[in-house]
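Next up: some structures, all given as structure tokens.
Common to both upcoming complexes is subunit A, partnered first by subunit B, then by subunit C.
On to the complex of A and B.
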């Protein structure tokens, strides 16, 4: 009995250490964003909303925020749409060398963002396409499309194919099948892809850093801020970014793990 | 009567596999046709070809005299009830049933009215506002049927529609399917591997095996006078043993020389089949000799008895004896049958 409770205690301590290791930095960041004094180091002098005020009155940050949202929404919508069409094509039509092509489409998942960013930078330079939010958005489509494809492809089974067949049998044209049956049937997976893409795009730094110049996204702006040294303002903006990420992840989970419909 | 559907010499190859081998079939208007066969017999392939989901490698399909061989499913006057029902999960029952009408440009008020009528026909007048996941298996089945019927097809195709239901519900749905078919007058083509289902439903029973039609005709005829050994074993049970024609209407069997009327000529090897309900203990003109009873299963209205004849211990004799017969495993009895009930099968 004591042996068993000893093991239970040890596993609890192990769990606390692991979760502490993961979440302590985030908790510290959030805590010191409420610091009342100039440096985000102990002792804690807050709580105060002074640094949040500073963030909201910083023009560069407040203009980077809508930029980030804009890039996240548009690139995620594009990635979801393209991923959906690709998944549909691979799932419903006989594609030559299908396995190889599916492997290729998911390959960017394994390539470092730095490589993708540099590749796009070289390409855009060659094409004379200027550094911009659009360029960063295209980069985000590149990294998120494989993810959307993988999620959506896994949801297009034989049962779904039969449902599409039923729609065709009842007189639906191909675009009607896609619009009235396939897409609505996959709403949860489509939402999940979209919000997961949003999360990644919202946090993404390397590609945005390489591909934007004057108008830029929030992570790049935070990086600029960090160059002038630590201050609780970075903690405050970091906490805000974290909060939004959490919201996206929650929406993703809600979309994917909602009560399944048969 | 001109056939509603004519399948002419249809073959279907998947790679080197031959799923259908030169199949021809006519389907009469207002009939209930059942395609019966084991898995891999080609029955589902044939249904897919009728529905337009597959294009045959060779041959032709005519519906109402029109060549439909390569016509898309949406264009042909058929609808299909899928095995897994394939209901639209995001639409209400009303939305599901009205879908075909919506695709045909029928206005929403008219659509709802007609959907409601068909839902009433299949016994679900209250279900219109529900989602498919709120319904039981049997109810989903009815929705699938209503959805396919509402567009008034010339031919309704049903792919093992009752396969997922439990036995009791299946028997009940069989009766309803038959009643609905008689009411709407649409020709139904129904695929199943369940011979009891086939017998209960079919006006026209088509037994398939290895991509070919083995036997076809009214279910009663196919059961009582099967045209082949396969059809005799697949449609109902029987005791089967071999025989040899030695002279006109004279067949040599392990039980002696029997006088049976047959068109087969001398020297031919034949199979003889006797249905279990025709095997009796005691006095009948054809003796099957003594046989040791190996198993007795009480089935309520009868006892299913298996026995080993002394003349050929490798054979299994099947008999359906009255429920009150006091036979026990181990008993040795004299079995016999009437010559009218012995089936002589030449293939």
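On to the complex of A and C.
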């Protein structure tokens, strides 16, 4: 009995220490975003909202936010669409060299973002394609397409294939099957793909950093802020981004994992 | 699997029509860039014909290959520490916490995972800075007389990485532990094994493939990351991604940056081949 309670005590202490380690930087970030003075270091002088005001009146930051959302929404929609069509094609039809092509589509998952961004930079530079949000968006589709494809391909079961066959027997054309039967059945997987792509694109830094110039995304603007060293303004924008991400996650939880009440 | 359709509509074109956008996209924006990078890596920034000069430069210049050595050292340290910290934590979450609280405990444990990656590294800078939380606390407790340098060191890079990967590995190892059937534990107990030997001889070997997958993921993500070493480690000691970005930023030397990127990719591929044996077990 004593040994068991000893284990319990040790594991509790260990868990508390790890939770502390995980939350220490985030708690520090949020606390000192309310700092009243110039430096986000102890002692705490707030609470004050002056740095949040500074963020909201910073044109570069406020214009980077819609840029980020724009790139995230468009590139995620694109990755989900391409991934969905390919997953459906590979799952339902006999495609020559299927295994090789599926391998090709998922290959970017194993390559780091830095190298994908470098490759696109070298290619676009050679082709004279200018640095832009579009270029960054293309990169985001490259990193998210394998993920969307893998998720959707794994969800294309035999059960849906039978329903599709029934729809065809009843006279539906292929595009009607895809749009009115397959897509609605796979709604949760489509949503998961889109959502995951959104979060990865929203948070992606190095590809956007390499491929954009004047108009850029929020992580790149935050990076630019870091050049000024420790600054409560960075804490404030960081806390706001954290808040948005938590909202994303809660939305995801509610939409996908909410269990039926009964 | 029942018979797949051959796609009679559109004269058998339909399968190609739906598959080709994704394939073409990957060829145009993943394969072509890689080929472009390989070609450019054989040229020189100063001009001239094709040669392996960039690669030779890497292996003959100590300050260049030192970056690769640093990267490998940091990545290995991070992978080992992260697994050692995450495994017991995941085990506590999966075994010691009542079932109905597990989901909440896990969500809390990975909540900071969802903050911006750049911001998360900056947050550690706040904690580790000369007048930051750690130094301030140690000074007030009288444990140190002078602030110790924590930021802009390898230590800071490792802490930032470990923070991220403990969360990631806790997720994967937790999932792994939950998949184990309770009958394994019962069988071990029936055969007379105590909790410790059940863990060592049953639970640990069964979760080993999952640990290897997590370790590989950690290795790949850490060795290619620019943000954490740049923000927390600074420029005192360069890792490979920093060296690559330096060629682009300072000198616009695309050929050397391309060669370095391909070398980095080769290292990751070798790591994959070395661990493929264990990674495959997971899929079966």
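Here is the rule we use: the second predicted complex is superposed on the first by the 252 of 262 C-alpha atoms of A that agree within 3 Å, B and C clash if a C-alpha of one lies under 4 Å from a C-alpha of the other, contacts with A are read in each partner's own complex, and residues count from 1 in each chain.
To be clear about the criterion, contacts are C-beta pairs under 8 Å (C-beta built on N, C-alpha and C of every residue); 3 or more make two chains touch, one makes a residue touch a chain.
No experiment lies behind these values; they were computed from the predicted model shown.
**Q** Applying the touch criterion given at the start, work out whether A:199 contacts subunit B, subunit C, both or neither, answering first, second, both or neither.
**A** second
**Q** Could you look at A:110 and tell me whether it touches subunit B, subunit C, both or neither (first, second, both, neither)?
**A** Only subunit C is touched by A:110; subunit B is not.
**Q** Between subunit B (first) and subunit C (second), which, if any, makes contact with A:154: first, second, both or neither?
**A** neither
**Q** Touching A:62, do we find subunit B (first), subunit C (second), both, or neither?
**A** Neither partner.
**Q** Counting touched residues of subunit A, say whether subunit B or subunit C comes out ahead.
**A** Touching more residues of subunit A than the other partner does is C.
**Q** So, A:53: does it touch subunit B (first), subunit C (second), both, or neither?
**A** In the superposition, A:53 contacts neither subunit B nor subunit C.
**Q** With the touch criterion stated at the top, can you tell me which subunit A residues are shared between the subunit B interface and the subunit C interface?
**A** Of subunit A, residues 173 contact subunit B in one complex and subunit C in the other.
**Q** Which part of subunit A faces subunit C closely enough to touch in the complex?
**A** Touching subunit C: residues 8, 11, 14-15, 18-19, 21-26, 28-29, 32, 39-42, 82-83, 85-86, 88-90, 92-95, 101, 104-105, 107-108, 110-116, 118-123, 125-126, 138-139, 141-142, 145, 149, 158, 161, 173-174, 178, 199, 203, 205-206, 210, 218-219, 222-223, 226, 230, 234-235, 237-238, 241-242, 245-246, 248-249, 253 of subunit A.
**Q** Quick check: in the complex, which residue numbers of subunit B touch subunit A?
**A** 51-53, 72-74, 78-80, 82, 84, 86-91, 99-100, 103-104, 131-133, 147-148, 151
**Q** Sort out for me which residues of subunit A touch subunit B in the complex.
**A** The touching residues are 159, 162-163, 165-173, 176, 181, 184-185, 187, 261-262.
**Q** State the interface residues of subunit C toward subunit A in the complex, per the touch definition above.
**A** Touch list, subunit C to subunit A: 1-2, 4-7, 9-10, 14-19, 21-23, 25-27, 29-34, 36-37, 40, 85, 88-89, 92-93, 96, 107-109, 111-112, 114-120, 122-127, 129, 131-133, 136, 163, 166-167, 220-221, 223-227, 231, 241, 244-245, 248, 254, 257-258, 261, 264-265, 268, 272.
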